[in-house]
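In the two assemblies presented below, subunit A is common to both, partnered first by subunit B and then by subunit C.
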Partner chain A sequence: MAGQSDPHISLFSAAEIEFVAEDELVEIVPNISMEPLNFTCGDFGPFRPQMPTEVPMWLAVALKKRGKCVICPPQWMSVDKLTQVLEAERDTEYAFEPLPFHYVELSRLLFDHAHEDIPDLYMVRTLIEDIRDVRFHKLESSLKLINERVNAVKLKNVSAMEMNIVRPFLVRTLQSFYKLDSPQMIHNPVTTAYRQAQAADRGPRLELRRRHMIDLLRR
Partner chain B sequence: MASGSEEGTELETEDIDKSIRLTTDVELLKQAWRNEKASPEILKFQADLVQRSKEQIQLMEDTVEDYEGNGTDPLTISLYQMDLDRYQFLLRSYLRTRLQKIEKYTIHISKTEMWNRLSRPEQKFAKRCKDSMEKHLTQSVLSKLPEGYRSILQQSASSDAEDMVPEPQLDTFVFCKSNQYREVVQVGESGDEQFDFAVDGLGVIRYTAIRELVETGKVDLV
Partner chain C sequence: MAHYYDINEILMEEENITSTFKVGASEVAVLDPCAETSTVEQGAKVELPFWLAQYLRSKEVVTIDVPPCFDKKTRKEVQADVACVDLRSRCPYFYELGCKIAPMIGDRTIGSFLLVAFRGRYQDILRKAHSTAFVVAPKFLTLLTKEETQLYEAAKSSMTAYKKWRVGGTRFERVPILKKRRKPND
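The block that comes next holds the complex of A and B.
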């Protein structure tokens, strides 16, 4: 009966999330000549030496592995931009800065396969690690705010990988609260004295329960 | 680069261009795959999309074969092969995810309108799956139980409902992301709570609140 407990059905593996991220476009500068590629996922090229062109990440990585191009790191991966983001992340308690939905996977792919194309590699890597840590810490601590039945949780600007990591825990938590805190469970005519005592205990919480939707990130 | 390949490329270009509209079928299939993986129940089979995808994969396989025959540069061939592999992975994973759900909820699906969400081959699979399961359980366990406890659907003959049929849990929570429709969703029973996809972007919502929007493709599960 546990519809969501089977990991094969409803969860995305990290590899599958990366697969999705690999479709994001990135700019490359080829060092070879090649005719346009008419793929099922779109047309790319033509490729001429020193002429920048946009391709999906997986294609960029494939060309890079064969030494056929230089990958231009996206704008958000510059030291300046990342420093700004990190500062902003540190300044707010619950809000998240807008970063690409797949920033974790994209930066990881670039570090693994194109590290020589990234200026200030060491700084960029450290900054992204710091940003990830700060954001994840925020996400974790914001989960503590869930302490009652809610209908929805807003997760503005949370990225794919961050979302995937908290998914199993968050879904189970929300399900449990939803089930145990349901009005039927609380307001049903109770027969035993024990239950009545419990219902009475719950009295003060009714006031809190008016808010059914929770915005973790904007309080 | 071999000059003979360029003619072939141009011919193929026309064919493929026709099938590429604003969003490609790969993109649509990816969304269908994500929705299918993330939703607790089985969704409607994307018959047209799967049909088109199969045709495109076939076409691409032929193209790659042609290239191999006419001495196209091996790099180009391997790149086309990668594109093809990614498409095939999506299609297989989509179909497999559905089969897993069918195996899990066979009886429930075959007894409700969900049956119509299955493709013909899937219905055949579900039927065989149900028969095998019934046969197996009857032979190994149920036939050895006392009279009245032998049903595959009920715990005992005295229970009113079919209380042993696994059903998808619709009361669960799913992650969803805004798409071009930017819907505003009522999430609470009272109707005063709204989730505005244009503003909020990403969130966790009860599946029942967005079930219809998922079916019509106005909200994407992730």
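The block that comes next holds the complex of A and C.
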């Protein structure tokens, strides 16, 4: 993809992901009066004091830095909502809760630039850290499911940053599996893989059965 | 998949393979350190690099033996605990060599053997790459083959990059040219 810092291992840097995340819309309450702004990505404003309006994150951060607005934290970033999400994440084994695609980056941007606008900052920060840890652990354990017969894992609601962390590893793993599982390596892939799996799953029983057969033959 | 200029591909072909000469060959004693005359005799077992063995085999001069890294003993060890087998000392290009050599010696079980080995080891790498502290080079790295090391590095570097971003760093990087111009004025 264009703009990638290292196309060889198909990795965006975290800063690049953050840059993409800055296009997300966020609500601000300006304290200035300003005409609407017309950009290629859309028109924003007009800006009137105390009248909430939606702008991209980068614009919100720029206005915030100049002290021209207050950023309203998004709805999902409340202690109640995050506690719910964390509970739900802990309850399920492989499913991910729907969170914004860029939740890691957005929360970091808000913590960095607008920490005074977030109520219960400390709690929110801890909750998001916890959620991220739980989700990442889940992601890891679902990647363990990949093997020669499972070439795809269905993962819904994985966020941009989480995907980016596992991407180089995942791509390489799938390449290796593809290489080792190619038809020229295994002449009749279905039966071989199946037999292999059977042998792996219940090795001892097969052993026993075989021994039994030999016993029968001896008789 | 295999690229002509792929360095790993080239290095892999340097691996020594034990092969048996089907015919006598004169003036090539350099291949066989134990040869007393300048002739390599029929039936002599000689260690040849893979690229040479492959060519000579296609001309029906030699037959290739199964390399020790795919023998019964290794298979038993892989069955016992795949993550602890020191594959690097056996053959740093275990998977690549396996892929190349399986059709040549006509052993169909090598393919599935490789697959089982890789599946078991990849899970272990996945677990360790994301959790180990990133300063110390862990001991288990010495057990990994070339391909597995690359996999481990890929997983680790993306995790390290993420952690670096999270603790924060310079948000704005000044273009080096601007820096130079500013300095005299400051």
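Following the convention adopted for this analysis, the second predicted complex is superposed on the first by the 172 of 219 C-alpha atoms of A that agree within 3 Å, B and C clash if a C-alpha of one lies under 4 Å from a C-alpha of the other, contacts with A are read in each partner's own complex, and residues count from 1 in each chain.
Here, a residue touches a chain if its C-beta (ideal position, glycine included) is under 8 Å from a C-beta of that chain, and two chains touch if they have at least 3 such contacts.
This is a predicted model, so every value here is computed, not measured.
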item: Touching partner for A:N38 - first (subunit B), second (subunit C), both, neither; value: first
item: Which of subunit B and subunit C A:D112 touches, first, second, both or neither; value: second
item: First, second, both or neither for A:V26, with subunit B first and subunit C second; value: neither
item: First (subunit B), second (subunit C), both or neither touched by A:S13; value: second
item: Subunit B versus subunit C as contact partner of A:F177, first or second or both or neither; value: second
item: Partner chain(s) touched by A:L86 [first = subunit B, second = subunit C, both, neither]; value: neither
item: Contacts of A:R167 with subunit B and subunit C, given as first, second, both or neither; value: both
item: First, second, both or neither for A:L143, with subunit B first and subunit C second; value: second
item: Doubly contacted subunit A residues - partners subunit C and subunit B; value: 9, 11, 167, 175, 179
item: Subunit A-facing residues of subunit B, complex; value: 1, 5-6, 9, 12-13, 16-17, 20, 24-27, 30, 34, 37-40, 56-57, 60, 73, 75-76, 78-80, 82-84, 86-87, 89, 93, 97, 100-101, 104, 166-175, 177, 187-188, 190, 193, 195, 199-206, 209, 222
item: Interface residues, subunit C side, partner subunit A - complex; value: 1, 95, 99, 102-103, 108, 110-112, 114-116, 118-119, 122-123, 126-127, 129-130, 147, 150-151, 154-155, 157-159, 161-162, 164-166, 168, 171
item: Subunit A to subunit C touching residues, read off their complex; value: 9, 11, 13-15, 18, 108, 112, 136, 140, 143-144, 146-148, 161, 164-169, 172-173, 175-177, 179-181, 184-187, 192-193, 196, 200
item: Partner subunit B, residues of subunit A touching it in the complex; value: 1-4, 6, 8-12, 16, 19-20, 22-23, 33-43, 58-59, 62-63, 66, 68, 101, 151-158, 160, 163, 167, 170-171, 174-175, 178-179, 212-213, 215
